[in-house]
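One chain, chain A, appears in both complexes that follow, with chain B as partner in the first and chain C in the second.
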Partner chain A sequence: MTANVVLLAVIGGLVSCGVYLILERSITRMLLGLILFGNGVNLLILTMAGGDGSPAIVGRTSAGHDTMADPLAQAMVLTAIVITMGLSAFVLALGYRSFRLTTQDRVEDDPEDVKVASRRSPADAPDHDRTDDPATGDPTPFGDAFDAHGNPIPLEELVNLEDIECYDELHTGEIRRVEAGEER
Partner chain B sequence: MLAILIAHALAALAAPACIRVLGRNGFLPLALVPAASLGWVIAHWGRTEEVQIEWVPGLSMNLDLRFDDLAAIMCLLVLGVGALVLVYCARYFTSDEPRLGVFAAQMVAFAGAMFGLVTADNMLLLYIFWEATTVLSFLLVGHNSERATSRRAALQALLVTTAGGLAMLVGIIILGEVSGSYLLSDVIAAAPRGWLIDIAVVLLLIGALSKSAIVPMHFWLPGAMAAPTPVSAYLHAAAMVKAGVYLVARLAPGFADTPPWHPTVLVLGIASMLLAGWRALQVYDLKLLLAFGTVSQLGFIIVLVGTGSHDAALAGTTMMLAHALFKGSLFMVVGIIDHATGTRDIRKLAHLGNRAPMLAAIATLAALSMAGFIPLLGFVGKEAALEALAYDDVLGRGAAIATLVGVVLGSVLTVAYSIRFVWDAFASKGRAEASPAVQRMHAPGPLLLSVPALLALGGLAAGIAAQWVDSLLQPYAHTLPGSQSYHLALWHGVGLPLALTVLVLITGALLYLGLDAITRLRPQHALLGNADRAYDAALAGMDRLSGALTRFTQRGSLPLTQATILITLAVVPSIVLAVGTRTGVELRLWDSPMQLAVGAIIVAAALAMTVMRNRLASVLLVGVTGYGCGVVFAVHGAPDLALTQFLVETLTLVVFVLVLRKLPAEVDDRGADRIKLPRAVLAVAVGAMVTIVGTFAVNARSAAPISLALPEAAYELGNGKNVVNVLLVDIRAWDTLGEVSVLLVAATGVASLVFRHRRFGRVPRAADARTEELVAPEEEVTWLRGGDFIPTRQRMLVLEVVTRLLFPTMMVLSVYFFFAGHNAPGGGFAGGLTAGLALVLRYLAGGRYELGEALPVEAGHILGAGLIFSAGTAIVSMLLGAPVLSSATLEVTLPLLGDIKLVTALFFDLGVYLIVVGLVLDVLRSLGVRLDSPQEASNA
Partner chain C sequence: MTLSPDLVYTLIPLPVLIPLFTAAVTLVIGRQPRAQRLLTVAAQGAVVAVCALLLYLVDRDGTTALQVGGWDAPIGITLVIDPLSALMLVVSSVVLLAVVVYAVGQGVRDGTEQQPVSIFLPTYLALTAGVCNAFLAGDLFNLFVGFEVLLAASFVLLTLGASADRVRAGVSYVMVSMVSSLIFLCGIAFAYAATGTLNMAQMATRLDAVPVGVRTAIFSVLLIAFGIKAAVFPLSNWLPDSYPTAPAPVTAVFAGLLTKVGVYAIIRAHTLLFPGGELDDALMIAGLLTMLVGILGAIAQSDIKRLLSFTLVSHIGYMVFGVSLATRAGLTGAIYYVAHHILVQTTLFLVVGLIERQAGSSSLRRLGGLAASPVLAIVFLIPALNLGGIPPFSGFIGKVALLEAGTQQASVLAWVLVAGGTVTSLLTLYAIARVWTKAFWRSRADAPEGDLADAAPSALIDESFDISFENREDVGRMPVFMLAPTIGLIGVGLALTVFAGPLIGYSDRAAVDLQDRSVYVDAVLGPGYYAEAVPR
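This part shows the complex of A and B:
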């Protein structure tokens, strides 16, 4: 098959302008860029499927065409057009909500990513809680200081203080030499 | 066998209810399940039973169960100890223990999974049961989930054993693919050889040894002592840790003589035996002492079953039985001590034997078996082990002697920690009176005591009836090579084994006496503490790595992320194009000169957009490109596309304007200037890449396209002349179903974003409005009822009149598009969009109350009805036995209309129509009516 130069140039123009707009931070501009890009891709699908022809309706011909234009590409593009409408409505609502909350429809740097980048100690990670050591993130005995229903209790009220001690011994590999029979 | 598995599954499901009704006594009926299953095992002893049910034959994964001699021995442990542990649970816990029902369910399920594990013949099935026990062990160890220690121990056990399990899975797949069968019995009978098999064997051993807590993957077992004691007694003494032993025993007949087998099994087994035995002499916690003792014993058993000779296998299975009996009993004793005195620390116990003589007797009996004292089963097993290693004919001479020395040394440690357990827990230890903990203790109940007593007495009885035990274990041992002459017996006469046993006992006793002196000599760091820290370091390292990776890849800047994607889009296809084969390029200027004219307008509008800061102007420009595309579609021979594009473009324009009235006129492009040039370069690069790749791609097409066959298929099979519409509602209806689902989600999303809460509800009608909002006098005749609420200055009578006249026409057109769509341009999408535009017109002319007047139905209901129609067509065709979404033609004769041909795809298209209408209504309701409302206006 041969390539349609004019259409491909138009597609290139649409895609370029679309990309240029997508790389902004304003939600409206990004959405418009995406629509431009989408229009380009729709045309691309259409021209990839071949040249023009009669309408894709059995029994109808138009002047100057003896073949039917590819219906498969048309069905795909039709789907894409309608989806783009739904997407636009959604992104617009998103932009509106963003504007109501921050008085601008801009996408700032993701605060969660910034938080990850500025994490100073392992204890800042989300899988650590306040019972862990704030500097190293290592578990402390306070992680065990909960009653059977999960309510925090003071360390002294813990029934099986021994469990923690023996766990601690296991973990550090150090065993206190206490004389046999000595009571703490 | 299947019945046993199902019984356990049902019992597990019923367990929470059982515990809720009966309290802790609910464990007793649950114990009947493994007990009854044990009855089946005993009734079928010595026979080979098989069950084969096809499951996933494509993966060779079938429910192949096989009950043979080795499985019978394992079942005896799993079910016997399982039933006893459940009885023990009935007195160990109090009825008000939190999560007791779930705990009971997990215990029963675990027994079932273990049974499945030891009877599975299909290796993939074995793996499934294997991981089921891992997960259940995770849940059981983490029973006290409010504690960080408990959670950490559970996670550690899970990670270590799952990692081993995954290695094992790879081994299983290699083994299965090389030998051509995934049945264990086939694989072992065939026993293939080769370097690939060696790798598989190592991977399988990694799985087995991690499960059985062998050095260096042992550390999870002492940690898992955070579990309640019944769990320790069952999982960590009798059942789960024996799964690894079972696998080694199972594979030994086929693979014990592969090169990596003996070095791995013997070295790691002996190392576990010695290191953990030594560690057991140091800890003060009774449960930890037993845990390290278990690691040590498992090492011993692994050495025996891994040796691969008849005698050693006999000794190994004997030790396995003996270990389940004495270690289960000892764990339960510790549970009772913990319960009664509130401590497990041997430094806090003195005179316990005086206060609880029965308990002391049970513990002593069990510990004697552990130490290998005549006449208990432990003695019989150890005799057999020493005999097997001393007169070994499978290992080389040097290896056999080294193993024997290792086992003797390990046994010395075993004797020492056995004495330490009994003496330090129960004796007076030179103190005048009982320690405070012991003084406060309460006496354990008879049922609680009976279970460990039964297990300990079992060890005694089995020792005395050694010949009988021999008859149980011989059949499996006979599957292994070597002299077949050895038999278990209580008394073999004086010989090297007996001499070694006596030596071991004496040295062990001396070691215990000199323990304080010896431990003072060495630094206080334990030999094995490092494995736990290595685990921590590995986890922390992975955390750091993932953190660094996240920081590197997730910079948080959306333009940067998009630029990365787009650069990839520009670069990768270009590289492929540069290095790959290219076809020649043939070009044509255009299909029709019209394309050039429209294309020029489109590109001009697109370029203008890049410099346009006014939002409304940008939207109009993007509309120009959209309508331009519509024209291109029209001249291309795609009337459906052109129609849809024009309708969508108009609707999109309205939606944009509805939102943009609430936003500032100019976009905020702070900071955009700085990166103009790189943006432009990237934009041109991507555009050029798309054009060039498109040129090559279209030239590369040489085969006849599939679409040539579509018109005929659409007409003959789909009964429609409009090929595009038949494609949408019939040939590629799955795509459309997905698409309308996306539209539904988008509509819901829009409404959720605007309403935030209470997103459902009808659009308000004129009757819902407050009377003070009414502007026009009520009695006057009006064109649109909603218009009466618009301030007179803003009201446009002409528009109202036109709308009143145009609306019915548009609706008729919409219905026409819908019905005609199968044979002419139109269809559900075009029809729905036309109806949507009619609604838009009513809203724009008549204001917020007019929309409710036009369509007084909830948008959600329309969307839901549409999805029901679309998905319903799919389901009905499936229920009728046809493939999903296939359509049929119904011909009916109606009284007035005559013959009517009805394609069922019309119902699907009706769903599409409704969803599009619902989408438009929801968007208008949210972005139109709601944004008009005082709530949104006030705090803008």
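This part shows the complex of A and C:
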């Protein structure tokens, strides 16, 4: 099989421009990139199906061609074009909606993602409790109080630390550490 | 009464046709929501019945191909049902039915005229048709069309209501999916140029004659396209950003099904088209990284939906692991694991929808005290332990099957993956246990932002804003039609444990059929074709 070098170069150009544009943050540019990429791929399918030839209709021939062009590739490209067109329309609608909502043509980072990435202190950790030490993130007796049966004691009912059966076993370590810090 | 073997030819196109026609009808009767809902649930139920019958017939009579429109195999469109696709169809259709009941339950409860329910159900049906078409496709381009149908439907479902959040997530999702589709098209073009056919059975016989380098190149292009859809590690970062913003039932069905369609395509390409194993080591490393990076991401998340999205990515690694072993035991484990994971992941996302409904948030920084509702606690705990791989559940059985297959294959990489899989399983348990201790076990007063809640949690439209927890209007306890499908799916998940023996046996038969390519090729192109085309 021989391939047309010019066409291959065009495909390469289309795809690389398309990829470059898709990497932008502007929805319009991403859409243009998508269309360029799509056209590059369509051209690729046509090229891959072999050389040119007569129309794929029984009884039709054209001058200079002995063989028929591959109709399957044309059918595939037709399908691909229709799909790309429909989805381009959808992206246009999304872009317009995004512009209406944010008044700018830009895709922002996921806010939750930014929040996770910008965590610095243990107090931002996902398993942080309100009663945990805000600086170190260590648990304090108030958050992790359990009664004799091992059930957690709700914060509002926690009045007297000595009421907790297993308080000593649970928290002596913590308190000793704090005292050691004070000595230093 | 015995069923005629010819029945299968009538049944094969139905999982695609029923949802498509129902989608058209439901679109026309959009003004009558009740009729629309009834019709949709009935259609999904019919698809479940058809798929179950197909599973039975395929297990009895073997792989069967339908030549649509009477055009013979290499030319016309072929729909093929083999044990793998039959199992995928059954599990998917059960999940799709449960989720649509859940969505209707939620919609009924929240029903206001602002909600885009009239397009939700037709789009959902189109998604069903796309998924089924992808599983049944017998040629590469039809597989592409199946992908496109389900993707186009998923774009609409993901951006339902078009709030700022969903549009942002939708744009990146659409872009990533389209790029993967275009890469898939490139792969199709290369494969067509190399073999001159799109029919997968014929392509399988002709690819053997293609030079190894070219064949590997085509496979890697296809693998990148499928890898984006299946969210395999270096190509998985789009998933946790886009899925969690969608409405709860939509996230559930996406998480359960869409990535698994990608996994299915990887299995099909790996076993039928490219059994040479040139990229097995690369696949193994990708599987390992998917498992580890995914689960480490999950640990960092404070939103349960995002956490589950990361565990979803992580557990895709298990299936890639099973496929890349390229042994019968590995494939068996992967097939069982796909079925398990579709069910458990969907169930968990449905439960998160219930949590949002009950507590007005899905963030671990806000939740607490959910154990006060025993139903919710049980409904969360069972699939959570299942996902973490605690012994009686199917997650454990699947992981044991995969790890055992890894030790049998016994290459150095396989042992590394066995270790990685074990670590991932433990870390999953850690992530899930943290959700349990924080959201269910501690008092809500102890949550850092416990006094805040979303004003309108988990409605189909998303215009949520923060309000004080006390001022939150009680949108109601969990509606029966949200709870019932969740419990139903848990029941199906438990059935995977109870019937683990027969199911592993079935997966094993499916794996044997996958590895012996002549079964598939002869079913599509006629008996004896494979032996003639591939001289020994």
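One rule holds for everything that comes next: the second predicted complex is superposed on the first by the 113 of 184 C-alpha atoms of A that agree within 3 Å, B and C clash if a C-alpha of one lies under 4 Å from a C-alpha of the other, contacts with A are read in each partner's own complex, and residues count from 1 in each chain.
Here, a contact is a pair of C-beta atoms (placed from the backbone, for glycine too) under 8 Å apart; a residue touches a chain by one contact, two chains touch by 3 or more.
Just so it is clear, the structure is predicted and the values come from calculations on it, not from any experiment.
Of the two partners chain B and chain C, more chain A residues are in touch with B. Looking at the shared chain after the overlay, A:102 reaches chain C, while chain B stays out of its contact range. When both complexes are overlaid on chain A, the residue A:130 reaches chain C alone and has no touch with chain B. In the superposition on chain A, A:44 makes contact with both chain B and chain C. When the two complexes are overlaid on their common chain A, residue A:63 makes contact with neither chain B nor chain C. On chain A, the surface patch touched by chain B in one complex and by chain C in the other comprises residues 1, 22, 44, 47-49, 72-73, 79, 83-84, 86-87, 90, 94-95, 97, 107, 110-113, 116, 131, 143. Interface residues of chain A facing chain C in the complex, by the touch rule stated above, are 1, 22, 27, 30, 34, 37-38, 41, 44-45, 47-49, 72-73, 76, 79-80, 83-84, 86-87, 90-91, 94-95, 97-98, 101-102, 107-108, 110-113, 116, 123, 126-131, 143, 152, 154-156.
Of all residues in chain A, only 1-26, 28-29, 32, 35-36, 39-40, 42-44, 46-60, 62, 65, 68-75, 77-79, 81-90, 92-97, 99-100, 104-107, 109-114, 116-117, 119, 122, 125, 131, 137, 139, 143-144, 146-150, 159, 162-164, 166-167, 169-175, 177-178, 180-184 touch chain B in the complex they form. Against chain A, in their complex, chain C makes its touches with residues 141, 145, 148, 152, 155-156, 159, 162-165, 167-172, 174-175, 178-179, 181-182, 185-186, 188-190, 192-193, 198, 240-241, 244, 300-303, 306, 364-365, 434, 437-438, 441-443, 445-448, 450.
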